[in-house]
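Working notes, beginning with the structure itself.
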Amino acid sequence: MVDDVVRPKGMSPIVKTVSMWVKGFILVFGIYIVLYGHLTPGGGFGGGVIIAMAFVLMTLCCGKHEALKRMPLGVAGEMDSVGALMFLVIALLGLSAGLGGTFFTNYIAKADPGTPFKLLSGGTILLSNIAIALKVATSLFLVFTLLVMLRVMYKDER
Amino acid sequence: MQIIPLFVAIPLGAAFFIPMVGRKNPRLCDMLTNITTLALFLMALSVIGKEAAVYWMGGWIPRLGVPLGINLVLDGMSIFMLVTISLISLLVTVYAIQYMDRFTSKARFYSLFLLMVAGMNGVALTGDLFNLYVFLEIASIASYALVAFGCEHEELEASFKYLVLGSVASTLILFGIAITYAMTGSLNMAQISTIIGGDLKAIHLFAVALFISGFGLKAALVPFHAWLPDAHPSAPAPISAMLSGVLIKTIGIYAMARIILNVLGLTPLISYIIMVLGTISMVVGVLLCMGQDDIKRFLAYSSISQVGYVVLGIGLGTRLGIAAALFHLINHAVFKSLLFLNSGAVEYATGTRDLNKMGGLREKLPVTGATSLIGSMSIAGIPPFSGFWSKLFIILACVQAERFGFAAWAAGVSVLTLAAFMRLQRRAFFGEPREASAAVQKVPGSMKVSMVGLAILCVVMGLLWLPQAQQTFLIPAARVLQEGLDYASYVLGM
Amino acid sequence: MHYALCLMLFMVGLYGVLVKRNLIKIIISLIIMESAVNVFIVMVGYRKDGIAPIMNKAMEADAFVRSTVDPLPQALVLTAIVIGLGVTAMTVAIAMRLYERYGTYDIKEIRKLKG
Amino acid sequence: MLELMGLLLLFMIIAAIVAIETRDLLAAVISVTAVGFGVIIAFFYMRAPDVAIVPIVVEVLVLVILIRATLRVGLKTYIGNRDFFGLMVTMAMLFVIFLAAIRVFDQLPAFGVPVMTTMPDAPSNVYIADGLKQTGAANLVTAVLLDYRAYDTLGEATVLFASIMGAIAIIRKKARKKPSEPEVPEW
């Protein structure tokens, strides 16, 4: 009974169908939180964990095979690195002389002071939010998959 | 000074990049990591002797004395730590090229290794309390994983113990930072030191107590040392060398010295407590080390003892005491790394770490035997090796400050260390060959290169105390700590 | 008073780490300690009857400055929470691996089984 | 209204004691999640919605992971304490620290008065006054996190990266090989 936390084949069709619908809403909500993180509560971390939750929901209701087909662990690992690298590159770009000359300069906002309360008003904050969301979402998905399904994976092989 | 953020950005970038490209190709990982550590070493050498420089992240230069962003401070002390870290990490990565062929997932090993280096560089450079906590956690988490890298029973168990005590330490440090913030409203070390101005109230002393216990746990000073004799021997040999050689010094001693001496101010009471902690570590460490049969456990206990010397010297608070302590810090980093790499080579060749099974290894492993003899003589304080000079000057500093009791303890522990290490040499490398010495594998070339390099350094390092070298390297570092709260004057430019 | 309660929560966690022998209980105690510190940091920045540090168009700048809570501790806590999650993930990974090896979460039995 | 916060903290302390002392591991895990949700309510109460969003999801994740770790067939749920003498010493030590700390805590600024109001040089004063103008972000927590203190955030992302790397390294199937063998895949 206890090993049913992650069933290989997933739960009943009703649960699957409902969560397929809900998953889309969660994803959209997460992306909204990320993009408007500099204006409303949220941001890269809040949005990233919400996006990760959509994948977790899929894993729980559809089983690990389905989830790993959509998001293989290798790809998730690569995206983890890509998110971290992207944030570092955003920071390093600020180091180049034309864009301010210091690590982590908010070069977009300084080059073009936008009007407040707009999507693009935060300069690099928006880009950083997206990079962090990518990083956090894949990281949490990996943590969940590794720690929750580890035993299932090992057991399958035995 | 555009180079300052690169000390952190380069290892971070390499750490993010290596798992993407190197999973199938271990040789590529070797190359990338060695290039990275070599670049860091050259960068560290290029900043020796420079004036203190402050780098404000994101261009948030303080206006009207209010620091908005995070600053990196490259002063004598930071340069000293950067050189130590990058020197050891360069030689250790050379060693790891062939040693780590015995483990799988080399790409992850190197990635975690570089994260640890980045974390230590970040701790050494930062001028912000919370940022120090963040980078301390990067270094710690990478080291927890590296201790368990072999995934065997004792490694997992040691890593769990290390992780739990390490997290308790981090939480205590974070609590201390929170209290400091609650009292001053700032996280910038320089601003905090101007606001407090050395006038420590009871609440500040509580924060100091939290910092001492937190960083004491990270540095494995004696009442808090329980994790070290398990964690350091369990790690793969290059990681043992890094942990004992630089990690406990950077995230333990350096961070503690920086916060207590430069930010909160050293009072006679705190100074006395730190010196007592150092002396207890010194004595207990060497006594526990005598009875060990496992060569790596032996070295781990001796690390506790040697770190005690450094803490004693820093606790004195005089220019000579601090300079001698820093001299001992870099010497200990060199010879303890060398001895751990030797023990790794012995384990590689014979397959055991038990001293009772070894004996007569000198003829079978000439390079390992000779370098290990040099390392042992250096740590035991035999002239003319570097360990002798640094211990001598710590004792002299105690005498100069009229702390004769502490000087006597330091001298006594030095004799005990000599006895312990001569016994180690006799059991492992001299004497009759025993069962493990029969079937000995060859030690690969890259491991030999790095051991010989460290052995040469053991001899040469004594030259650092010559007036010229002392003036450019050790004295600027010691001056930063000794001048204490003047730290704020050059960071904030006031 | 509030700070003292927060400290007490911290002490409960510390007690658990020092006294318990079960790996899961130790992990739980660590989580409690971290939560206590996080709450403490946010408490430092709280203003009585304050508002969240998020501006909107309708708000006047002066009124906002007078009534908002301190944004800096909140940013710190956000960082601290993610760090705590990372540490927890590592701890659980090691604990599960140990369980797989020994079939128990008891530290004492793990030590006995080492042999 | 400050009493509400006190009650919430009291609830969290009780839940924490239950979590640590209960004999059933599953109950312990659920109690610790109760502490976690107490923390979230405290964050909302203290006007920190940004901070509250993250732990909601993180708590759920921790709950699932810990339940996964505790729900095993035939798991002995009750494991006692360390020996009695050690327990007494620890209790006494913690009690002394607690008493010392309580007296010292009087010197902290009162709850409800942020430190930035008494310290004119605190950076927070600049953040709330000029944050929107200087960074273009209306959410000042994001402004601090990703502009003023973006370097911390890089560190934070790195911590997460390191812990994932570490977790993968720890639970990989095969850790040692012969030097001559080729690299083996992890999963």
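Each chain gets a letter, A, B, C and D, in the order it is written, and its residues are counted from 1.
One rule holds for everything that comes next: a contact is a pair of C-beta atoms (placed from the backbone, for glycine too) under 8 Å apart; a residue touches a chain by one contact, two chains touch by 3 or more.
For clarity, every value in this text was computed on a predicted model and none was experimentally measured.
Farthest from subunit C in terms of Cα centroid separation is B. Here the CA centre of subunit B is 28 Å from the CA centre of subunit C. Measuring from the averaged C-alpha position of subunit C to that of subunit D gives a distance of 2 Å. Averaging C-alpha coordinates per chain places the centre of subunit A 36 Å away from that of subunit B. For subunit D, the set of residues that touch two or more other chains comprises 49-50, 54, 58, 61, 65, 69, 72, 101, 105, 108-109, 115-116, 123-124, 127, 132, 138-139, 141, 143, 145, 147, 149-156, 158-164, 166-168, 170-171.
Contacts with at least two other chains are made by residues 14, 44, 52, 54, 56, 72, 76, 78-79, 82-83, 85-87, 89-90, 92-97 of subunit C.
Each of the following residues of subunit A touches two or more other chains: 39-41, 45, 77, 81, 84, 88, 91, 103-104, 106, 117, 136, 143, 146-147, 150-151, 154.
Contacts between chains leave no pair untouched here, as each chain touches all the others. Remark: subunit C residues 10, 14, 17, 23, 26, 30, 33-34, 37, 40-41, 44, 72-73, 76, 79-80, 83, 86-87, 90-91, 94-95, 97-98, 101-102, 110-111, 114 touch subunit B in the complex. Chain contact summary for the complex, subunit D toward subunit B: residues 100-101, 103-105, 107-109, 115-116, 118-119, 121-127, 147-152, 154-156, 158-159, 161-163, 165-170, 172, 174-180, 183-184, 186.
Every residue of subunit D that touches subunit A in the complex is listed here, in rising order: 49-50, 53-54, 57-58, 60-61, 64-65, 67-69, 71-73, 132, 135-139, 141-143, 145-147, 150-151, 153-154, 157-158, 160-161, 163-164, 167-168, 171, 173, 187. Looking at the complex, you find that subunit A touches subunit C at residues 39-41, 45, 117, 136, 143, 146-147, 150-151, 154.
Touching subunit A in their complex are the following residues of subunit B: 2, 5, 9, 12-13, 16-17, 19-20, 55-59.
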